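Both complexes below contain chain A, partnered by chain B and then by chain C.
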Partner chain A sequence: MLRRYGPGLTLLICLLVAFWLLMLVIVPNITLFEQSFRPYLPVVEIGGPRDTYSFANYLKVLDSSVEKSLFGYSFSIPVHVYTFSLTIFYSMLVTVICFALAYPLAYYMAKIVNPKTLPTLLLMLFIPLWVSEVLRAFAWWIILAFKGPLNAMLLGIGLIDAPVRWTNMGYTGVVIGLIYTYVLFMLFPVYNAVQSLDTNQIEAAEDLGAPWWKIHWRIVLPHAKPGIASGSVMVFMLSAGSLLVPSILGSTTSQWFTQTIDQWFKDALDWNTASAYAFMLLSLCTVFVTIAMWLFKVKLSDIAK
Partner chain B sequence: MHKLRQNLSHLYTVLFLCYLIAPLVVMSGAAFNDSKLPSIVPWKGWTGRWFVDLWNDDRMLMAFANTLWVAAAVAVISVIIGTAAAILINSISGRVRTVLYSMMIATILIPGVVIGISTMIMWTKLGGALFGPEGKPFPFVPGLHLSVLGQVSYIAAMVMLLVLARLQSFDPGLEEAALDLGASHGQVMRRILLPHLYPAIFAGGAVAFFQSIENFNVTQFTRGGADTLTVYVFSKVRSGITPTINALAFLLICVTLVLAVIYEINRRRRARIEAAREAEARRAEEMAEVTGVA
Partner chain C sequence: MSAGIDLENVCCDFGSFRAVDNANVSVRPGEFFSFLGPSGCGKTTILRMVSGFIEPTQGVIRIGGQDVKGKRPNQRPTALIFQNLALFPLMPIWENITFGLEVRGVDKATRRKKAEELLTLVDLPGAGDKMVSQLSGGQKQRVAIARALAVEPQVMLLDEPLSALDLKLRQHMRAELRAIQKRTGVTFIYITHDQGEALAMSDRVGVMSQGRIQQIADPRDIYNNPVNGFVAAFVGENNVFSGEVQNPAGGMAAFATPHGTFRARLGASAGGKGVKLYVRPEHTRLSQTRADENSIPVTISEVSFEGNFISILAISETGAKLAAEIRNDGQATVPGMGAKMFMSFDAERAAILPDANVRG
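Entry: the complex of A and B
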């Protein structure tokens, strides 16, 4: 490197990368970590005797329990832990549905469609991706509105008798919005992975009499695993970290964990607790993704392909 | 049976495209409906007044200008940092490479909320440590410049991936040859390496620009009092929706469509030229065979 680009350029390149990783990534995260252990104090008391490290901000997660029941068991659970578990659960649900929607299309694009029309198809898929996320969520806000087109259509064809309050049914609106917003982040990695599969393998399996579901189960899916893993990680992290969609399409009963963080930060102005919560979100999601990758035996470097 | 499955998959693709595009159509349609609430039912007749309202909405125009500035800044900085990172990753190996590369990739996965809060806290605390709690100077106060830095922290990784992919097809022998022939290091970079990377750099710049326009999470936590388009639309959606947002959405979708059509026409023209050239080459070859020149 030194020989090829000379000392000046090498130094410049290293400095740029160092600025990125240190000033924009590592130091901010260390600061976040450090701040999360400090109490929220008025400006004059910062650095004073009460400004000591403690786990108090993290323990706030355990405050104020609510009664919930699941499968007939009723138990009491801290409200923020509850929010967090639901966030994780619904993010997983979104990921699974996105995969179910995207996989047939990815296979179609990679193996069935006429290669001449593929670029046009890709372009048409890209158009919604270029439209901003907030507008896509807003579009669903219109569609799901109580007097909106979806209810009008369903009433029109007689599927329902009375209009449904879509955005007031727990997490329904949020899940619908997240799927629409992030399904393409699943489609493209899976498509890339399926595309690299040799079509001869599929034909050989067909010739040997394998049924279509077995071809997918034993040949296409195992081959596409890195793509599926990277798509899933993307969709999961984007969903769990999304603030826009839950805020726009959420109901009164659908609190997303990012909304809790937002409230600490913007409404309570308690940056320290917000830091603690943000750090919890980051670390728990990381743990979750690491476990998922370990289970599916894929590496982080595979994800970026 | 095979035929049936094939038809089903065609049908599925069409349905999927409808699913993707229908919400955008509904949203655009509501821009022309003469109703105070943005919707297409009940239809109350055509109107263009939401576009007039949009044009008169100064805060919106301001937010739009802010968005363009932020996006341009993010694109430029991300391209510079991302390209440097790709060159660095490409010229080292072993453990250091793995660690650096993983760190860079990981930035894409960090939730935007975390990036936003951590950027905000670090810069304001740094300002506080350097200049005391009152009267912090420019870079250490909340504002859109912090949004730029926060967005760069993960968008640079996307640019890095694009440039790195392009670097794979680069022949390092060219650099060696240029150096042997007496080119300076700067010339090697400017004349040989960068021209090869230009397609990826431009693609990276475009991706960075659009990613920045889309960004909400980072901007929301770092922006201070300033608006970007996303933040403004968001606040509008939450408090008192008017169909001006639909008018805006319609215009943005139109811009996207025009760009997409231009791209498609361009691609088809290139494909046709390519095909013609290939046919030409084939004919020449055949001629050569027939006349026995080959």
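Entry: the complex of A and C
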């Protein structure tokens, strides 16, 4: 780089990158991180005797328990822990469904489709990405509406007798919206991974007598594992961190953890607790992903490939 | 167990392009049969039709007498060794070798034992726990053979498996393959574009060009009695003369060329026009005096010493380049550059042949 752009320009680029990293990424995050350990106080008391570091903001997540029941077994659980667990659970569900949708399509695109029609197919997949996320979420809001096209279609073909309130059925709307928004983040890594598999290996397995599911289980899936892992990490993290989709497509009974954070910021104006919650989400998701990667025997270096 | 393979009027089209045109072959059980031909002549296509990855557009393929139409590769008693081997890099060697048994539900202990047996057969004992990337080219080769043998196929199909190896290893593996074939008695169909490989290893050879099988014969016949110009030119070297056939009689004929009229053997179906005269360099002689027949005055232009023989390039009076070979028996006299000599050949060793059997 030095030789290509000369010392002046190189220095400028390095400084700009450093500025971007430091001022726009590191400093704000460190500030929030620092704030997350301090209590929410009236302006006059900031820096006063009560302004001390503690885990109090983090421990707020354990406040105010609610009664819930699961499989007929009822228990009491702090409401924010409950929200957090559901956020993780539904993010996982979104990840699994995204994989189930993306894998066959990726395999089809990589190994079956005529290479001549592939660019058209890719374009068709990309075009929705050019539309803003908000518009796409609202599009689903319309599709899922009580008098919307989905109900009309299902009624038309006789699959249901009465229209369904999709966006008022717990997390249904959120899950559908998240899948739609993030499925491509699964598709492309998996497609890349499958595509790099030598077709002769698939044929060799078939020639040795393997049925199709065995070929996928023993040859294609192991080869695609790094791609699946990186797609899953992305979809999971993006889903768990999404605010837009849950606020547009959520129902009265669906609370996403990011919405809780958002409420601390905007409704309670308590930035300290909001930061604490945000860091809690980030670190717990990271821990969760690390455990999942360890369970599936995926190395970080595989994902970076 | 080994099965024969019959191809009856088999054609394969890719769109409007005919990759294999009316192939008729009968490979006998236990035979080592090679398809020999230049790149793109349809060898792989034939193999893929036999193994079931492509269905022929027309014609019938029988394996062990049974029509295999509509059977997928996993339902045919064939095992294909791919041009690039296609070993499974994420499995250790022993799992590679016994993959075919794994899909048949054989238990692990039996598979381990079988893997060790096969590794001994291909001369790689104890390599079972290595990974594919830890093996050399020749070792990978042997693992691929072991993997194919594990499913006890009745027919082994080999697609240029030695092409990626260096010369020494290739020669070693030729002998090894041949030995394995003899030991197991499995029918081998072997594909190559290397004539030396085909001639040295096979019981019979099918020479192909542009989708058509030109000749099927044992290696000697292919070399000594090619049925047409393509086979003559593709297998071994030749001096080619254009000209016209005159008064054919008793399998011999005169052949009028710009270099003079020669007497030569008349190949089958070589009566009419469009035929040429083929003479191998090793069937020519160089002498100081004109021979009784089939003699061409030449000037020696290049002499290269190859060790066991001496290769000579001579220019005729009409400016044509002719090749000759002298066997080095230790006392052969090597002609000097620029020497004026006569090149001659026996009528019995020169053949008048039609061009290749191609479309159009």
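Note that in this section the second predicted complex is superposed on the first by the 280 of 305 C-alpha atoms of A that agree within 3 Å, B and C clash if a C-alpha of one lies under 4 Å from a C-alpha of the other, contacts with A are read in each partner's own complex, and residues count from 1 in each chain.
Throughout what follows, a contact is a pair of C-beta atoms (placed from the backbone, for glycine too) under 8 Å apart; a residue touches a chain by one contact, two chains touch by 3 or more.
Bear in mind the structure is a predicted one, so any value in this text is a computation, not a measurement.
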Check the contacts made with chain A and report whether chain B or chain C touches more of its residues.
B
Identify the partner contact of A:Gly6: answer first if only chain B is touched, second if only chain C is, both if each is, neither if none is.
first
Quick one: is A:Ala210 in contact with chain B, with chain C, with both, or with neither? Answer first, second, both or neither.
second
Once the structures are superposed on A, label A:Trp20 by its partner contacts, choosing first (chain B), second (chain C), both or neither.
first
Which holds for A:Phe126: it touches chain B only (first), chain C only (second), both, or neither?
first
In the superposed arrangement, does A:Arg218 touch chain B (first), chain C (second), both or neither?
second
Based on the superposed arrangement, let me know which partner A:Leu282 touches: chain B (first), chain C (second), both, or neither?
first
What residues on chain A touch chain B, complex-wise?
1, 4-6, 8-9, 12-14, 16-17, 19-21, 23-25, 27-29, 31-32, 35, 43, 46, 101, 104-105, 107-108, 112-113, 119-121, 123-128, 130-143, 145, 147-149, 152, 180, 184, 212, 233-234, 237, 240-244, 247-248, 258, 261-262, 265, 271, 274-275, 278-279, 281-282, 285-286, 289, 300-301, 303-304
For chain A, which residues are in contact with chain C within the complex?
198, 200-201, 203-211, 214, 218-219, 222-223
In the complex, go through chain C and note every residue touching chain A.
51-53, 72-74, 78-80, 82-84, 86-88, 90-91, 99-100, 102-104, 147-148, 151
Can you list the chain B residues touching chain A in their complex?
5-6, 9-10, 12-13, 16-17, 19-21, 23-24, 26-27, 30, 37-41, 80-81, 84-85, 87-88, 91-92, 98, 100-115, 117-122, 125, 133, 149-150, 152-153, 156, 161, 172, 175-176, 179, 184-186, 188-189, 210, 213-214, 216-217, 220-221, 229-230, 233-234, 237-238, 245-246, 249, 252-253, 256-257, 259-260, 263-264, 267
